[in-house]
Structures are given as structure tokens and as C-alpha cells.
């Protein structure tokens, strides 16, 4: 399955008066990791909207365990992979490492949605074969 | 159990290029709702740190279901309650309503932590009776 | 000229490890105040885009003086007014009060922009008379 | 004078429903650039607080011109330099480039502040010689 790693340093402004990462920042970072994973599979949201006529890939569910706090200046690696493919959705698995410590582990489910042209409503639709192929790739296309 | 409701309007800057709420914003709002709930129980983090010697009440787990998207200008109500008391932790339950629709439902677990003076390590400690009493109140103290 | 006041409490997550407001938050608050001012004049960005065919009202210049720090729990009032009308732009004046102290004072200039249908380029255009009338109102329409 | 360049890609969540960068994000990026500049001069805020007894280096003034909009996926370079040294303060100059275009130019003034031990008040103090030396370096120390 498609996988991506990215690394960055925690910024001063990512932290709250307790001196640890302000919790919602983790979800920003996982969102950035989703887009980086898509790019690794040569997928970009703007192109996906044009090519597949989707409205987006909204998150419908998330679960996270915060195992250790992180602080300003810490070097972080987030490893994000496609964990499971559903008919109209996919699961992502994020593992955030602070040095060698698994500090946060999260799962999220995102749905492949289109705007129904007749009803004007947002509806889940099956993942296209081309997207399944890219998500299933053991290695990103070179 | 202690409960609080707060209402606000979704701002332009809360939304992403898809026109819907940028997902991490929900977690900011739930964090604000936690502090509002504490205040409802006449508890404030700064005072809790001084009074009980805690290091903080870090989130160790979260789960959320995003049932419907919300947009700029939508009027939101978040209802937050203490869902369960553990020995050294407590669960919160957030329900975010957009008009009459339950749009997001989330649970989180927060741990009562102190800095061990001898080891210098952060450790979970039992919730004080005074805090249990306030969390258990059917009605906030008047 | 059109004026609006709004009040709110500074949140825990608005502050950085120094314990004071993380500076970029002020600019979020001024952006929210812009939208609140527009609403006071019965103007909303989405409607302005449809009614006047604008692409937006991007900020082209800002100036701010930070006179006193603010902290978690402080009660804030932001007073925002239209300070000056230009041909294709307008200036806003924000005054942020912490209790009775003027803590931040800021000015910004925003441009009335449309997408030129022939060139596909974003261009400044004169403020419509209807918008000038609303910005010039001593009192908001009742 | 000390100078630093850093580059990054604009993220989806950095943009608002207009599809352009949500304005306050620029100020987050300039704050990150300040810290990166300090690190380039082998200065880190936590160490500066310990070594020099400062309370912080709060921003007291900012000015910015937004010359061109930027969008999701754009590759950005921010060049930040110490523009001027005052007795108790220093000015930074940020230039944000989108490809070859100067998209945002900003100046900010930050004050060297300590907590007066007798009065308990925050006061501006002269920049230490060691800090002036590092800020004045044509090249960062190797």
C-alpha cells in the first residue's frame, strides 16, 4: 500500500502555554501528511476534482492515541500509509515519531464523494480503479 | 455530570478551499469547549495547576465522527459533558450541532498528570475528590 | 462611517509557550472583525461575490502596533471601523482593548477586485455606490 | 547582518474558501522565519531566556505589503534578515517569494524585554553585546 514519510521540526507557535504541542496541531499535520501521501501517489486534490469529478474526500471518522508529549524544537517524523480500502472510502494510518518514540498514532477514514448532478446532493461513490491502483502500489510510481 | 453548551458562528477563515470547515478546526473548538466546561464547574486550568499541583490534563485519546459538513456563516452549538470518570482520567463527550443536525460527535480522554518531584517525570495521579465532586454535579455551582 | 464592536475571551490555545497571545492570532481576530463589520453593514462576502461579481477583497497592506500583551482568560473588545474610502480600496481601523487598555492598534487596506472576463486577470475596480453608501453609514441599517 | 532563507510548499489548509492563502498564515510563517533566523545565528529562544534572563522578544510593530496572492501547492521562499539594530530592539525584514515574484514584503520590530525583579514589570533592556555580534555577522557562525 502507498506510504509516505515526512519530517519537520516543531515550531514555537505550535505549542501552548503548557509548553507542549497544542493538540489540534496534530490534526493539521495529519492533514498535510494526507496531501503529501497523495502527491507520493502522483495524486493532487485539484487534479482529482477535475479528473474524477469528486467534490472532495472528507474525513468521516478519526481515532488518535497521544502516547507522549512533544515540544518546541523536537524533530518529528510522520509516517502515513493507506491502511485499508473500502468500496467508497479509504483508511489512513498515521504514526508520529519524536526521535525514536512513537508519540501519536492515528487512524482516519475518508470518503470518495461526488455531487450528484440531478439531486445536487453530496454522495459517496466507489473508488475509481485508477485510484485503487495508485493506493495499492507497494512503491510510488517513479 | 457537568455539562456545558456554547454557540458560535463559523468564520470564513475556519474553512478551506473546498468551502467546508478545515477539519483541525473542530479540535480547536473542542479544546475551547473543554475550557468552557471547566469554567462552568468553576475550574480554570491556571488555578488547577496552582491548587492541585498538576502539570496539565493532556489528551491521551480521541475519537470523532464527522456526520455532516459545515460552512462559513453556519450557526453552531457544541454541547460538552463529562462522560465518564476514571481513577486518573476522565472522558468528555462533544456533540456539535449545525442548526438541528448533529454534525460531529467526539469523545476524548484526558489524564490528571503531575510532575513527580523526585523523578521529575510526568505521572498520572488519581482525580482529587474536589474535582470529582464538581465533575459529578448535576448542575453547576451557582 | 460603519463601525462594529465585538467581544470575546482569549483561549488557552491562542497563547504560546511564553503565556501570551501567539502573535498571528491577532490577525485572525482582525479578519473575523472584518467579516463582522461587513455583516453589520448587511454585507456578506458570499453575497458580495454574487451581487458585485468580485473575486474578493484581498488585504494589500497592514500595519499594527502591539502596545501590551494579552493572556489566556483576558476579556477582549475589538472595535473595527471603515477608516477611509479610496477609489478601488478601503482602509479599516482595528482597536483591540484588554479591559480598559488599548493593547493593539492596526490598520489594513483591502482592494475591491474582480476577475477580468477577457484577460482572466484579477484587477482592482471602483467601489460600487451601494457599498460606499453602506460603508459611509453613521449607523448600521436597522 | 544575519540573514536566512527557508522554503516550503503552501498547504491546502493554509488557504481559505477564496482559494488563496488565509492572510494570518503569513504572520505564522514570519514567526517561524524569526526562529529559523535566530537558529542560524546559533540563538534559540529557550536558551536566550536562560542565558540572558529575558522574558521574550515580543513584536511591538509590524508592517506588511501583500503584492500577489499565493495558492495551495505554490513553492515559497522566505528570506528574513536583521534590518536594523536599535538600543533595546531590532527590526526584521521578510521577503516572501512565490517562484520569482516578490509576493509579500514585511517589516517587524521586536523588543528585548526582561522582567524587572524588583517591580515585577516587563521592561525593555539594551541588546547584549553577544547578541549584537551574532545579529551583525555577515555570515552565520560555522
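Every chain is named by a letter (A, B, C and D) in the order it is written, and numbering of its residues begins at 1.
Heads up, the rule we're going with is that a contact is a pair of C-beta atoms (placed from the backbone, for glycine too) under 8 Å apart; a residue touches a chain by one contact, two chains touch by 3 or more.
Bear in mind the structure is a predicted one, so any value in this text is a computation, not a measurement.
> Among B-D, C-D or A-C, which chain pair copies the contacts of A-B, with over half of them the same by residue number?
Over half of the A-B contact pairs recur in C-D.
> Among all chains, whose Cα centre is located farthest from the one for chain A?
C
> Approximately how many whole Å separate the CA-defined centres of chain B and chain D?
33
> Distance-wise, how many Å sit between the C-alpha centres of chain C and chain D, to the nearest whole number?
Distance between chain centres, rounded to whole Å: 24 Å.
> Just give me the whole-number Å value for how far the CA centre of chain A lies from that of chain D.
Comparing mean C-alpha positions, chain D is 30 Å from chain A.
> Which chain D residues reach two or more other chains?
Correct list: 12-13, 18, 22, 24, 28, 31, 72.
> Which chain D residues qualify as touching chain C in the complex?
Going through chain D, the ones touching chain C are 18, 20, 22-28, 31, 55-56, 58-67, 69, 122.
> Which residues of chain A touch chain D once you look at their complex with the stated criterion?
11-13, 28, 31-32, 35, 44-46, 72-73
> Spell out the part of chain D that touches chain B in their complex, as residue ranges.
12-13, 15-19, 22, 24, 72
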